[in-house]
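One chain, chain A, links the two complexes that follow: it is found with chain B in the first and with chain C in the second.
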Partner chain A sequence: MIFRKKVLILLIAVLAVLLIANAAPAATLAGFDDNEIRIGQWGPQTGPAAPWGSVARGSKLLFDVVNEEGGIYGRKIKYFIRDDMYNPAQTAAVVKELVERQGVFAFVGGVSAAGGLAVKDYLAQNKVIWVGPATSVKEYVFPVQPYLFSVYPLYEDEASVLTKYIVETLKLKKIGILYQNDSYGKNGFDGLKQRLDTYKMSLAAEIPVEPTEKDLASQILRLKSSGAEAVLMYVNPTTAVIALKTAANVGYKPQWVSSNTLSDYPLMHKISGGLWEGVITGNFGEIPDSKNPLMVKYKEAAKRLSPEERWGTFYSAGILFADPIVEALKKAGRNLSTEAVLKALNAIKDYQTIGPKISFTEKQHQGSDSVVIQKCGPNGSYIELQGWTANDLATWKK
Partner chain B sequence: MDMKRDYYEDIQLFQSGVVLAWTVALLLVLFTIPLYTPNYYVYLLNIIMVHVILAVGLNILVGSTGQISLGHAGFFAIGAYGTVLLMTLLQIPFVFAILIAAFIAAFFGFILGLPALRLEGPYLAIVSMGFGLTIMHIIGGVDAFGGRMGIKAPPLDLGIKQLGISWILKTDFQKYYLILIMTIIMVVGARNILKTRVGRSFVAIKDSDIAAEVIGVNLTIYKTLAFAVSAFYAGIAGGLFGFVLGFFDPFTFNMILSIIFLVMVVVGGLGTILGGILGATLITYLQYDLLKNIAEIPYFGALMVAVSKQWFTMVGLENISSMAIGLIMIGIIIFEPLGMFGVWIRMKKYWMTWPF
Partner chain C sequence: MPVGQLLVEGLAIGACYGLFATAVVIIYKTSEVVNFAQGEMAMFSSFVAFHILSVYRYPFWLAFLITMVFSILLGILIEYLFLRPAKHPTILGMIVITLGAEMFLVGLAGWKWGAEQKYFSLPLDPSVTYEPVKGMIINNWAIAVFAVTTCIMLFLYLFFKYSKLGVAMRATQQNKHAAKIMGIRTERVFSFAWGFSSLIGAIAGMFFASRATLDPAFMMEPFLRAFAAAVLGGLMSIPGVIIGGGLMGLIENFFGYYFPHWKPIVAFIVIILVLCLRPSGLFAKHFVKKV
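Up next, the complex of A and B:
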């Protein structure tokens, strides 16, 4: 009993100290001072979407490298990662906390679409810059939001580019699509349709699928009987693996083509039991063993600074989503202010690091319309089929 | 100490002048908090109070009636979606929309209560879990509900548009008062339910449903009623939650959330009103604030980062938060089965008998 009481008192004391330490007010809320610039990112580190958490940790690598090289005009980047468990309520909480208590200058990345939409207006009201959301959501940048800059290619543009590749390079005429019944899948469908219309071709089969469906036998049989030679998939990883396994069982072997969200080949190869080999996907970044000097540099840096990380597509994507803010901070000069950085961001033109060429103007905050086309080789390796390709039909550019 | 001499003494809202004085003091603090705290904490308090309403309701079911539910995120979702959709699609004023949505949730609670007549323990847990997941996926599959992309809550208008009265709450600060008043009403309501014949029937069912039936408690009515009441609370909480967030998708209401709700009730103390309040407050605060900011705590933060880097996965510090919640749960069950309510009772006893 006495022992218990002691433990209890000790526990309460520890909690109280933590509370007080935690509630200590931040020195300034300007987002930066002479020594540091504070940048934040939310992303699922735990919970059901945890595999995408590597994006937020990838951005950390970039900031670590920048800091190693002396920071930006003497200011180091202080980077906050906050786990929102893919839950918009928590996204809103961590964002408000970072803005109001830590004082954050800008946000980069951010995986969940719902989380992003939950904080979009709040960030704009508080004049916090947000660069490179790690999802493609049209509402982010159409109509243009003064503080929000997107790097991620639209699914529509990607599907259009992939369809062009199927028709003109692979010379396949009968194309089917398996798409998830939500905005992600439908945007992919729109891109495919747009491209096929220019060729005056029609779809062999269009099959919607619910993201939770576990039995795809009827869908795959419909695709098989339609005789589609290539099938575009805009589905989630689980559905894709089920589709491939079902197709293998019924002896249906089309050319599978899919989106950048499924471009983590080592992972897909593993969970599909090797069936992923030969699948073609788009991608928003260079392949992991690219010879691009910057990719080589970051790969070396990752080995040194975070040896526990797997050097994969999503990890390096964290770098490319965060790149524009570093560039803009450098361009904005010694006298840092939100206005100066906004001006620098709006002036970015054909800026390319390890992703597509990015350009922003005051009226256009969708930075890119380009993807690379890759194919999964043996053991989940990457084969590059076609370099950066823009969508010549992109509707938003007109 | 807490000896009751007659029934009327038991149902009194304030047991003594001291309790009344402290309650008034607490209410004063609660009503003035937003005046001297930064906006971020007001948002956090809003979330906490929403969770308090839900946990108090869940405690009526789990703690007082002894039925388990791993599907409360489903009722929470019905409340949130119901309120917003009734307002946007049918132009129903907020006050009525949230009530209708809560009654819809209560109806679903009644439906879920039916299998509970035959199922117990783990089987009931599985059924309720299935219910929660089903609701999440059904909402996600209907485009009119916003599908998987989620929906945006309309402006929170307390007036009635049709009569030309409009009173829009915009900031977290304004919403705080609405939610605070709702929370007080719901908590007092829960306390009163438990002091009536209905509440005593619930407790009788928890102790032994056969014995309860023998002394004349209609199991069919009271078990389904417990589910309905609990779901009603979750519905009201959900309706408020939608406006605290402003935007939500079906995945917001996933199974992890149901489990966290249950953790709140267990950590707070099963079967007591105060337990629900304490549990919801502590767990929400830990989850949303303290555990997210470990790295920023001087010295201790750096130590934890090093520990995490040395022994746990690359996710880093987030490991610590998950483990902390788990450890608290295990610790409570081993050392303090009555939860934080038990700690409270002991503290109270210590001070009341002080210095002996």
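Up next, the complex of A and C:
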């Protein structure tokens, strides 16, 4: 009896603590004061997707540079990186912590579609601005979300642009696709189909693949039998390497073309044992050794402020994904508020730094539909084939 | 349909599944434990080979030998550190322990070598291929897999049939207590089984890594397929798992050629059907343990 009473008291105590903890209102902190503006980002710093963690660290470089130059109207940016290990449950936890404990004003970047989708509504409910998710997810901005602004081009748009390049510039008529059996791969497939329909061309072969598959022999043989001269890939790095190795083993040598997710050439060249040379990809940012003055400036800053980092595509992507929030904070003026920054973001038009031209309106939060086209040269070097190209078939602009 | 090429590719990857499944079976044959850390033990050994090759720049044969010794020690160590201390272990308890060992190894590899994919290659030029029959290209990787699998199978056949240790291993599996009474040091038998299984797993792991990339999670999927091949062939039969692996590779490749959407699951559907008809697998004798 006494034991039961004790258990009951303990339960009531636990419940009371939980209730008190829950009663703390979310987002009660303003997100800024006279000295600082708090900005956060989640991203995989450990775990299977850790190589993409450089995006969050790239954004840090931009904020460090801004702070070095005096901040924004005297306010320094206080930046928080949280490791979600590419696990949506962790993303939800770290975002809640940043909003409710640290009181962040806005989020930038954020690798992982699943992680982003897990926190999208929470951020909207708490009126926290989120700029430049580091993935292309249609659901982020269609229908338009008042607090969410996307910079990353849609895979559909990129695939359409790449297909146009294959048909009109490379003059290849038989095209196959190897795509991951999820929304990433299917969006790429849709873009390819959209473009081929305008040429009244049909696909030589469409091959879906599960991201974990380690044997792609039958898929590659199917592509080979179809006579595909070019193969578009919307897959992950490991699948791409297996595809290229298998193709080499069975004597199949098409022109491989791939999405921007595989545009880290030094990495792809290394892990494919040099087979990546000659592969054409899209890219959402300037090539790492671009002569763009801003790229040169950030590269120098990286050497000085983060010498341990590799200056690569995903690291610099962290800068371009975070760029619009800095621009909007500057435009919003001294009297900072969420509303003022939203207004400034919605007024951004043809804003270009180290990525494509970005424009937002109140009704349109997909910032760009442009990619550059590049080719992997010897030793993982970058060869630019075509500058910023927009998708003239982009349905969302019409 | 490139029948000849699908046959070569199906059999080659099937032999690889079969080789790795053999590693699973060796432990299962002695202790009836399915070792869920098998894939990660192979992964860890492959990383050691990678480390020796890329950091110390030793020639491949030397790196291979060191890795083989390491893999044996790793197997023995895991058995000694993780399984042996378990008091009154049940089979389920042992399986859960192997799951813990798996997570430990993934974490350790991630900490030491990072999550980024690594390039791992065998000293086989991928650009060299042979075409003995028109439309049937065989590459060096496939030849190496066939040769190594055949050698290991022959060795295992002779070992289990004629060597004292092999017979002791079979006796331990059949009745641990009776084997002990007969003077067999069953603990040593377990250690040997784990070491030997780890060695075969490491060889298979290197074959898988050279076909794809090397990262801490790269053996999870091949382990599942090898385990399925082992179940298909019969978890107690070594020739059975090799045939199971071959069947698995062929079914996947021929079916996957026409229906790529279904490739990842077709083999598992076949396995479910086989198990409904022959619960012990295709080549193992069904036995019931009497109380």
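Criterion: the second predicted complex is superposed on the first by the 370 of 398 C-alpha atoms of A that agree within 3 Å, B and C clash if a C-alpha of one lies under 4 Å from a C-alpha of the other, contacts with A are read in each partner's own complex, and residues count from 1 in each chain.
Here, a residue touches a chain if its C-beta (ideal position, glycine included) is under 8 Å from a C-beta of that chain, and two chains touch if they have at least 3 such contacts.
Every value quoted in this text rests on a predicted model; they were computed, and no experiment measured them.
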Joint occupancy of chain A by chain B and chain C, clash or fit: clash
First (chain B), second (chain C), both or neither touched by A:Gln125: neither
Touching partner for A:Asn35 - first (chain B), second (chain C), both, neither: neither
Which of chain B and chain C A:Gly47 touches, first, second, both or neither: both
Which of chain B and chain C A:Lys96 touches, first, second, both or neither: first
Partner chain in contact with A:Val209 - chain B first, chain C second, else both or neither: second
Chain B versus chain C as contact partner of A:Thr361, first or second or both or neither: neither
First, second, both or neither for A:Thr198, with chain B first and chain C second: neither
A:Arg57 touches, of chain B and chain C: first, second, both or neither? first
Which superposed partner A:Thr169 touches (first chain B, second chain C, both, neither): neither
When the two complexes are fitted on chain A, the stretch of chain C hitting chain B, from 41-49, 95-103 or 113-121: 95-103
Overlap of chain C and chain B interfaces on chain A (superposed complexes): 46-48, 50, 181, 210, 212
For the chain A and chain C complex, residues of the former touching the latter: 46-51, 181, 207-210, 212-215, 217-219, 221-222, 224-225, 237-238, 241-242, 245-246, 248-251, 267, 270-273
Residues of chain B defined as touching chain A within the complex: 38-40, 43-44, 47, 137, 140-141, 147-150, 152, 241, 244-249, 251-252, 254, 256-257, 287-290, 292-293, 296-298, 300, 313-316, 318-319, 321-322, 335, 343
Touch list for chain A against partner chain B, complex: 4, 7-8, 18-19, 21-22, 45-48, 50, 53, 57, 81-83, 85-90, 92-94, 96-97, 99-102, 113-114, 117-118, 121, 181-183, 210-212, 306, 308-309
In the complex with chain A, residue positions of chain C that touch it: 1-2, 5-6, 9-10, 13, 110, 114-119, 121, 126-127, 129, 137, 139, 141-142, 208, 211-213, 215-218, 220-222, 225, 249, 252-254, 256-257, 260-261, 263-264
